[in-house]
Amino acid sequence: MRKPAHNPRDLSLYDLDDILGTIDREVRQRFGEGKVADYIPSLADVPIDRFGMALATPDGRIHEVGDARERFSIQSVSKVYTLTLAMQAIGDDLWKRVDREPSGDPFNSLIQLEYEKGIPRNPFMNAGALISADVILSNYEDPEKTLLEFMRARAGNPEVGTDEVVAKSERESGFRNVAVANFIRSFKNLDNDVQDVLDFYYLQCSLCMDCVDLARSVLYLADGGHCASSDTQVTSPEVATRINSLMMTAGTYDAAGDFAFYVGLPAKSGVGGGIVAVVPHVMGLCVWSPGLDEKGNSALGRYALHRFTRMTGLSVF
Amino acid sequence: MRKPAHNPRDLSLYDLDDILGTIDREVRQRFGEGKVADYIPSLADVPIDRFGMALATPDGRIHEVGDARERFSIQSVSKVYTLTLAMQAIGDDLWKRVDREPSGDPFNSLIQLEYEKGIPRNPFMNAGALISADVILSNYEDPEKTLLEFMRARAGNPEVGTDEVVAKSERESGFRNVAVANFIRSFKNLDNDVQDVLDFYYLQCSLCMDCVDLARSVLYLADGGHCASSDTQVTSPEVATRINSLMMTAGTYDAAGDFAFYVGLPAKSGVGGGIVAVVPHVMGLCVWSPGLDEKGNSALGRYALHRFTRMTGLSVF
Amino acid sequence: MRKPAHNPRDLSLYDLDDILGTIDREVRQRFGEGKVADYIPSLADVPIDRFGMALATPDGRIHEVGDARERFSIQSVSKVYTLTLAMQAIGDDLWKRVDREPSGDPFNSLIQLEYEKGIPRNPFMNAGALISADVILSNYEDPEKTLLEFMRARAGNPEVGTDEVVAKSERESGFRNVAVANFIRSFKNLDNDVQDVLDFYYLQCSLCMDCVDLARSVLYLADGGHCASSDTQVTSPEVATRINSLMMTAGTYDAAGDFAFYVGLPAKSGVGGGIVAVVPHVMGLCVWSPGLDEKGNSALGRYALHRFTRMTGLSVF
Amino acid sequence: MRKPAHNPRDLSLYDLDDILGTIDREVRQRFGEGKVADYIPSLADVPIDRFGMALATPDGRIHEVGDARERFSIQSVSKVYTLTLAMQAIGDDLWKRVDREPSGDPFNSLIQLEYEKGIPRNPFMNAGALISADVILSNYEDPEKTLLEFMRARAGNPEVGTDEVVAKSERESGFRNVAVANFIRSFKNLDNDVQDVLDFYYLQCSLCMDCVDLARSVLYLADGGHCASSDTQVTSPEVATRINSLMMTAGTYDAAGDFAFYVGLPAKSGVGGGIVAVVPHVMGLCVWSPGLDEKGNSALGRYALHRFTRMTGLSVF
């Protein structure tokens, strides 16, 4: 019999700063790949030659590289946190209103929604995130404040905020989201006023954070629901495990299979170019680079995560 | 800061036999759940009150319970092994002919195949498995012998064989598979004679093995490509990782999201009621119980795996 | 050789009042078939045991039976007239924004709209009618007045009006229509404000007319574009011919094939239970009975038209 | 009131030979439009610069122009005749196995077939024609002889035959048809051996006829089921009416709406470039020109029919 392989979860075996440095150099040579989201001006104006990456471990340490302290619009990355809030509020009742299967279709497709009678395929499609938003509106006294305080506490950064200009632009250009929300409403799967649900959704998408904020923010999903920044138990280990599974099968639009194949970590992306990822039991990560691939995920962010799991062996597979 | 959680991969922390015993008792109280596949007589005749489970670790140990030594028709579980053989033969060229995304549709759906011009969504749909079969026919001298020897070596059991009656029944009732194969052929995505591809496919589905055979057989995917039974490197660690990722996002028909959520392990199921699963770096597993849920996965097999990861913390998430 | 059959278009061969009387008796024995539309109260309150039928010929004569003078909500029947106004305004440019094929899907389906990038399948789906509405808003000074005057002149009845309560109910319950309109807008296939387009659409749907009004109103499509009520040429013979063809292939939701098969006349139905039909060169018809079949067409209206073409031989086929 | 328009069905008002001559000249100036079908050599070898047109009236007269005596492969035009035979055999029971709605999808699409559980949308899709073939195999003693004698009697031409080379080529290249047939069979909607059904289907597609043959052959649908060539009642007036309605809504693949709009006649096309059309009560027509448009209908055949109905006013609308 062969001798056992090293344990990839033993971080003392790696020089993480060295690994991040290598990735940063590789990524910067590929600047220009992908295409910056252009459906609203605030996103279109972000320069494509940006890359940041940060890791946060349960002991409170941060490793970072590149533009990891530059804030960006987190967009759909926010769906992870609103899902957490919605699960905290109503538990498994959420699954009567949204399914847990990968979609195979773009994030804003209406097709499956029609075949499946207004039940979104998963909480990370836009349609599914509207369900989370609706649950939050129904179950928290001050939904906006709740979300903002949640994000600040997770990031350990009281300056986390939203970008009014982004939220306003989303509101003015979001015809597809208005369509999706009214479509779900027509199946009676929204309880609150359609416009209120959309306004909350635009707000969450307009959250501005940097890679360090987000790496810290996602750490509770790597640590059985425990948030290091605030030293509180945000959710149960079981809920954390399940959110990770949903990120794996549905966190990167209709490229979830590709992400599992090349990266091998639960991850959630946004059109602002950010991606959070989780190494269960080990760390939270965030990468950011604004150029998107054709599926809507950060092209170089995907590359960076791919390199990271290949260099460390930290893929869950 | 909290003190670190125990390492769930440290098997010395568990009494695996005790855990299996508990699961066996729980499962037997639920006998009757699901419905035995009835599209061919050989499957329809299997009694529903059967349950077996086996674990194989890289050190060669086996833990087993219940009907773990009763042979059954492995059906689609075989797709894991033919995928391995196809990847060994042509490497990444395989991905020009089959995609790696979850399907969201039943295993034998033709809809996506039409929209995507004869490129199956993933290697675990029937359509995708026909591509693997076609590649094997084109690249191995004696395809049937190759497959049989591969399975015997993986299982460490020279008595692994196929069931002629099952293969013949599949051939006689497989109109949908004939449709799928000719459809793919119409897009020029099969090189060999359609009937030859189908015959090989029916043969692989008719393999008969027991839980112990299959737990051993899948162990190379948990151990970086190394097969303990034969002490050989079957494939590279990277290929093993990738096959695991495909099992996670596409191994259980259109219930992959649900399996990730409830079980949290890469797994591949078959309509014979068998499911193989992998705990990366730790073990190979097989459960078997013939009653299928509405998605075509073993209802009690799914339950047993769910209980196993909850009792051990061995979910990858 | 056989001697030639009689010419079914020679109306002197029939006693039309006798035929209508027979149909009326047959229909009244079947009262209760179908289900009254219930998505808004004003429709749900209409008694199911109502039936009216009227024929209008180019010489100005009217034949009528039953509740042919009871007003009802014309709903989607209005799409015929707004299509006429839109074609008058921009001619064949309309076909850059809407297709002319049958849909095969329900009137408010979003699926094809997504596959076909915001181009509705035909002008009689809700999506297509929104295009007509948008064209009218862009091309007529006072769109509401234009429509109302058009309807009054066609019917020869200055009392034709809209029902505010219906329009308001539609506005309050039309989440699906809001979804469709925003979805089209997201493909940039609406020029006007989404809410303005919807408001015009709700207005047209709320028109209240009786069978005699509608039989007269549709007569121009049977008479080469000439309106007998106002003795004016409403549109060209070619446009009239084409609108008839569209009614044949798309006028009765996804039952167009069935209507062609059983009735054999160009027809347009509405969920208020009204159906207008055209015998080219011969007459305009209207039937009304509020009980709808599962495709959304008046169950007894369809039966009455079927009996009419069987008794007269006036099917176009 | 205006004075009544002329009766377009009064053929003494036209010089049909003059009209055909004009159409022939116009068409020949457009030679080159479309693309000859190339999936089998026998079709690919037909020169694109061919055009024929023939009209047959109930009194036995023929008007013809161009290459109206050149034989071609009638392909899907044959579906009209096999539908007639199937309806004669089992009447309305046919509609339990095939629907009557337009498809909106290409002739050989499998998508709707899957959603609708093996029930083809209409008898003119390939799937629907396989149902007709299956019914004929089950209900006529010598199916091939029955079909051949039917065609010879309709055409009044004992030399009508099939082309063995075409039938053989179809058999060798028809993977899509094999897929469709097996798919239907998997829903238990074929009674006969799949290969037998396909062989009959390939035979009917390989029928070779010229425009004069086909204009005569389709005349019974214009004349209440009466065939002038054989002076026999082929089917009832009602069945003739219904087959015409099916040609209108489904006879030209997914261009039925366009054909109704531009041509306005019940018509059935084939990939050999032939199209039969019916002016109810007046005449049977056939046009032929091998260049196909993107929907698979003869590009110049469609143009010729469009010109014909515009010049005569003989559109049914």
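To keep things simple, chains are lettered A, B, C and D as they appear, and every chain counts its residues starting from 1.
The working rule: contacts are C-beta pairs under 8 Å (C-beta built on N, C-alpha and C of every residue); 3 or more make two chains touch, one makes a residue touch a chain.
Predicted, not measured: the structure shown is a model, and the values here were computed from it.
Touching subunit A and subunit B at once is no chain at all.
Chain centres were defined as the mean of their Cα atoms; on that basis the chain farthest from subunit C turns out to be B. Inter-chain spacing, taken between the CA centroids of subunit B and subunit D, is 49 Å.
Inter-chain centre distance (subunit B to subunit C, centres taken as mean C-alpha positions): 56 Å. As a whole-number value, the distance joining the C-alpha centres of subunit C and subunit D reads 31 Å. Contacting chain pairs in the structure are A-B, A-C, B-D, C-D. If you check the complex, the residues on subunit D that touch subunit B are 109-111, 113-115, 175-176, 178-183, 185-186, 194. Taken together, the subunit D residues at the contact with subunit C in this complex read 1-2, 4-5, 7-9, 58-60, 99-105, 112, 121-122, 224, 226, 228, 231, 238, 240-242, 244-246, 248-250, 254-258, 260-261, 264, 266, 280-281, 310, 315-317.
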